[in-house]
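Note that the chains are named A, B, C and D in the order they appear, and that numbering of residues resets to 1 at the start of each chain.
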Amino acid sequence: MAEVVLETHGLTMRFGGVVASNNVDFKLRARELRCLIGPNGAGKSTFFKCVTGLQTPTEGEVIMRGVETTHWMPHQIASLGVGIKTQTPNVMDSLSVFENIWLAARRFHAPRNANRKTQEIIERLALGSIARADLGQLAHGERQRVELGLVAVGDPWLVLLDEPAAGMSAEDVERMTEIIHELNKTAAIIIVEHDMQFIRSIAEMVTVFHQGKVLMEDHVDRVMSDPTVRNVYLGKKA
Amino acid sequence: MPGSLSKDAITIILVTAILTWVMPLIISTYTLTVLIVYGMLGLSLGLIWGFGGILCFGQAAFFGLGAYTYAIAAINIGESTVPMILAVLVPAVFAALLGAMMFYGRLTDVYLGVITLVVTLILFKFINSTAGPQYVIGDARLGGFNGIPGFQTLNIPGRPDDYIWGDSYFYVCAILLALVFFLVSALLRSSFGRVAVGIRENETRISLMGYDVRARKTVLFAAGAAIAGLAGALFANWSEIVTPSLFSLGQSAEIIIWCIVGGLGTRFGPVLGAAGLAYLKFLLGQQTMIDNTLITGLILVLFVLFLPRGIVPALASLWKVSFGRRPLGRIPQHRRMRNRERING
Amino acid sequence: MDLTVIILVEMLYAVASLILISAGLAVVFGMMKVINLAHGEFMMMGGYATITAVNLGVNIFLAMLVIAPIIVGLIGLVVERLVIRHLYGRLVDTMLATWGLSLFFIGLATMIFGNTTTGISTPIPGFAIGNYQINGYNFFIIVVAVLLLVGMLTILKSTRAGLIARGAMQRSDMAAALGYSPDRIYMATFFCGSALSGLAGAVLAPLVGLVPTSGGAYIAKAFITVIAGGPSLIAGLFSSAGFFGIVNQVFTFAISPVIGEVALLLAAVVLLRLLPQGITTKFFKGKL
Amino acid sequence: MSLNRRNFLASTAALAGASMLPRVAMAADTIKLGSILDTSGIFDAYGKPMDMAMRLAVAEINAAGGLLGKQVEVVAYDTQSDMALYSQYGQQLARQNKVDVVHGGILSASREAIRQTMRKTKTPYFYNVLYEGGVCDRNIFINGVTPAQQVEALVPYAMAKSGKKVYILAADYNYGQITARWIQKFVADNGGETVGVDFFPLDVSDFGSTIAKIQSVGPDLVIAPLVGGAHLSFFRQWAAAGMKDRIALASTTLGVGNEHKVLTPEEGNGIMVAYNYSQELDTPANKAFKDRWAAAYGDSNLIHETAVSTYQGVLTWAEALRQAGSMDRDALIAALESGLSVEGPAGRITVDPKTHHAVLDVHIMEFENQGMKVIETLPQRQPIDTQAVCDLSANPNDNTQYEIEI
């Protein structure tokens, strides 16, 4: 089996009296694609934020490729070669597509190489026609795609995506799926997602969160047919 | 930014040459000198605010620190070269420490504004209460409210008796401003500058790309302070006295007003805003009909309401609309950028 | 012993005057996320309104507690309609515009009242505590501050307007969704905030010599107090005014007034470094 | 903007487009008097009446036929209480407008900002404000009172009325620091004891803790050289605490900006001061002066110490010019150094040749019903503080502001 690239032990996050993430143990192997699902407030976004350094967990530890990163800042984690996309599009609106991607490329490459890498990604993601347009002028789907470009240009070995398909048209989702599969050839990927249809189309292994805990972890088909999971989603008692 | 650095350099040289030739025919060089100094001060805030998104309410602190450093060092050393260098270094180091304190504490927005404001107030109050004879640095009495007069002014390096003053001082200042302007252009064209603009646009994204936002903001903040410090030293040489009013909130306010009126996110805007408004103030002092404070206030309000992007960007987009290839597309961008500077409180 | 009492009273007074100075700014900031940098000038105008009214023969308490707040509130209303409402949601722009307004009002007051220091004397005589004389007016300031806090709490907790206000503080779009015009809410808020500033200026007027630039002395302190207080209106105001007031007075008595001021400012830096979003993000969370 | 104002009543000037351009040399058939004062901003309570006094003096000179057969033209700039503008306008006056004399400057910092420019350009400079003393420069003439002149008169009187233990509250800048030292010296000379000294920056306005502190020390007399609007709060809070009838109060600054008219009689009555001028000075010269002022400006309420100093400064300069008979600077200085005297509203003013400071009358006064009642007049006091360090006749190239060791 491939090496473990991400694991957490007893990851716990409390906000005042609320336990948003409760003693989560998690493992992810190289080039694995994993979806995190669960109803609103299940703790999947908190988990995501703790892993990416956007929040510091109250207890527990995060280990990436054998390095403990629990108290690291997001930029330190990103510098390891981890690509991160947050829930809302997080891009630089008054800069062009090229400039956006170039900034990401420049982090890991000298200026000349950064130019080349940027061009490559723009071609790969079919953004050529809008490369000079400012992000602020683009449609939602295009912005999401550019943000994936920002993630991809760094050649990550671990990619964390928070609701990448939210608010996108069917066509956009399809293109997104392709890109994710392409990324998955070299990187392990975690996707936090609501959209069951999208999950079915992309995932094999799924981790279900409920009330801050991992409810179950299994193949997507078995998870979908599991009565407990169904109840959780429909809001009935588990 | 369109164009290239070498093109920038040529433009800067041409514009400087023309202005230093034409302007003295209209305005006295003595007044022009201080307009240049203010222009440099405006540029220092324009750099960190317009391109780095750091709204500093205390840019005057670095200006004053530069001026006082120069005055104190000049009294102790008696030759102006080392004091000039110190006047750039001391504010830069001070800003680096202050910036590190703020940015590593993840302070942003108004909170950053409050800290810079408070630090300026502390410096002001401190300097203001040093009238007693016990406040001495080397041979220099700090002088409190009355300030420090009578220090060595700029001389040809190594020759303390050959003063640079009058017209030649004007040319020195003009060349220094051109040089600083060029360095700022170079900085903004470098990867560092482009990342800085990225930070202004979206701090989280830049840190998710793997850049250490805190360190970069600190460096940019220090660079702005170094420029303000240089401006302070030039000011000290011009006025031949330094007083605590250099540190005052009013001074900080003026710098912010210059940037707003001239135009944020441009290099030339703050310089123009500073020189223009300072000259306006100078002219207003020659009339007695309307209170000058009232006019300054009115200008600021009207600009925020009707021309929130400032003169230079407005002219630029007017130019684009009239002659440019590119349609209006870019215009709403800046407004959006400033809209985002709200608190999530 | 007597000195201890005096020091305690002076501390209470310092806290009370900080609360008064900051209340108007806090209301406007808490409700509208607008930093009104002309706040100090609103106070200055409150002072002038009081002095003018008293010189015209109005009872001083009526002038301070009724006339000045109403006049300044109305000025605030005009300012809101003409300037502020075009700038909602643009924090930095409103700060700059109100900064401009502050300069404008200084100029205006200079043209009307001139720059000579004016003032009225305090309406309450001093009295003795043991061997010490103390300014009786200090107690008046303390009482006004307490009444102000209690009043604000009551209004927010138990009136319909207070409920709407609390809703608007949490989510400004919620009030709109519930069918209240945000425009009217903002107008009302700005009126109240300005009136509070006017009240503070009026009540403090008998203690100081008033000049058109007097506002400048207050704005920095008010700004610091409000920001350090954080999101909760009353708890924030109370806790940060309490903290700064006590720090200030301890150092003032121990060393000198200057050191007291500097200590206050340093405390603000340290506080914001430790609690970057203000005191009430950590303590008194969720309180009003 | 420079205007040839025969009629100073036209005191407001239009902002004409022509002023955007620098002045080219103007017709040489007038004598140009440059004035540089804060007539807006926080110091205009001092500056505005000074400006009025200067214009009144010039108008009277012109009405009487001018000087050396020429009219005097005023070139005035408003420095807006901004130190940087002093440097700017100072240069403008000396180099561009090429004025024949400069009157003005209010704060010591503003004087120091322009003094060297005037010296370099050989433009005679009159500084008409009471100040901390010690300036020694052949190009400058100063006719305000200095600390020694005031304190020497005030301290013995105030101590005789109250007692030997003195507490000093002073503004924290040059003037306050130096004055506090002179007070300490004269308190000791008169057999008293200084029991406390506190300094306050000019923006301190809350004196509650200080008042408590003073009470814990228990002096007989408080001398308070406090300055400006914020410091006025002290006198308010002092009275509000009921301290006024318990401990006597004296000041060397209160009243200079007509502060006694702001304090109510209950707050002000009995405070002891010593100045060169008081509106209540009962002399024919003062009465005539007040009438002329009232004729020009409506009423004479705004007249204060530094306004009268300015008026007397212009008179001194005019008299010297008449005696010199030419516009030459050295002739002017020689005339001034000849022990020249003029009679002003506040009595006789004589130029001290050694220091270029003024020998003048000092009046001990007490506040009474918003006026300053003259108790005793000490005629022709010498500026002994500056005389101790400065001798321009022996050392004409001196160019320092001395700190006088006491």
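Quick note on the criterion: a contact is a pair of C-beta atoms (placed from the backbone, for glycine too) under 8 Å apart; a residue touches a chain by one contact, two chains touch by 3 or more.
Because the structure is a prediction, the values reported are computed rather than measured.
Enquirer: Treating chain B as absent and keeping all other coordinates fixed, how do the remaining chains group by touch?
Expert: In the absence of chain B, as far as touching goes, the chains form A | C, D.
Enquirer: If you tally contacting C-beta pairs, which comes out ahead, B-C or A-B? Let me know.
Expert: The greater number of contacts lies at B-C.
Enquirer: Using Cα averages as centroids, what's the distance between chain A and chain B in whole Å?
Expert: Between these chains, centre-to-centre, one finds 42 Å.
Enquirer: In angstrom, rounded to a whole number, how far apart do the mean CA points of chain B and chain C lie?
Expert: Distance between chain centres: 32 Å.
Enquirer: Go ahead and note the Å separation of the Cα centroids belonging to chain A and chain D.
Expert: 74
Enquirer: Roughly how far is chain B from chain D, going centre to centre by Cα mean, in whole Å?
Expert: About 36 Å, centre to centre.
Enquirer: Return the residues of chain D touching two or more other chains; collapse runs of consecutive numbers into ranges.
Expert: 40-41, 172, 199, 201, 203
Enquirer: Would you please write down the residue numbers of chain C that are in contact with two or more other chains?
Expert: Touching at least two other chains: 110, 258, 261.
Enquirer: Going through chain B residue by residue, note those that touch at least 2 other chains and give them in order.
Expert: Residues 125, 129, 290-293 of chain B each touch two or more of the other chains.
Enquirer: I'd like to see which chains touch which, written out pair by pair.
Expert: A-B, B-C, B-D, C-D
Enquirer: Write out the stretch or stretches of chain B touching chain D in their complex.
Expert: Within the complex, chain B contacts chain D at residues 26-28, 30-31, 34, 125, 128-129, 131-133, 143-147, 149-150, 235, 238-241, 243, 245, 281-293.
Enquirer: Using the touch definition from the top, list the residues of chain C that touch chain D in their complex.
Expert: 3, 6-7, 10, 13-14, 17, 110, 114-122, 124-128, 131-138, 206-211, 213-214, 217, 249, 252-253, 256-258, 260-261
Enquirer: Once bound in the complex, which stretches of chain B touch chain A?
Expert: Those residues of chain B that touch chain A are 191, 194-195, 197-198, 201-202, 204-213, 329-330, 332-334, 336-337.
Enquirer: Which part of chain B faces chain C closely enough to touch in the complex?
Expert: That would be residues 55, 101-102, 105-107, 109-111, 113-115, 117-119, 121-122, 125-126, 129, 249, 253, 256-257, 260, 290-305, 308, 338-339, 341-343, 345 of chain B.
Enquirer: Name, in rising order, each residue of chain C that touches chain B in their complex.
Expert: Interface residues on the chain C side: 33, 35, 83, 86-87, 89-93, 95-97, 99-108, 110-111, 216, 220, 223-224, 227-228, 230-231, 258, 261-262, 265-266, 268-269, 272-273, 276-277.
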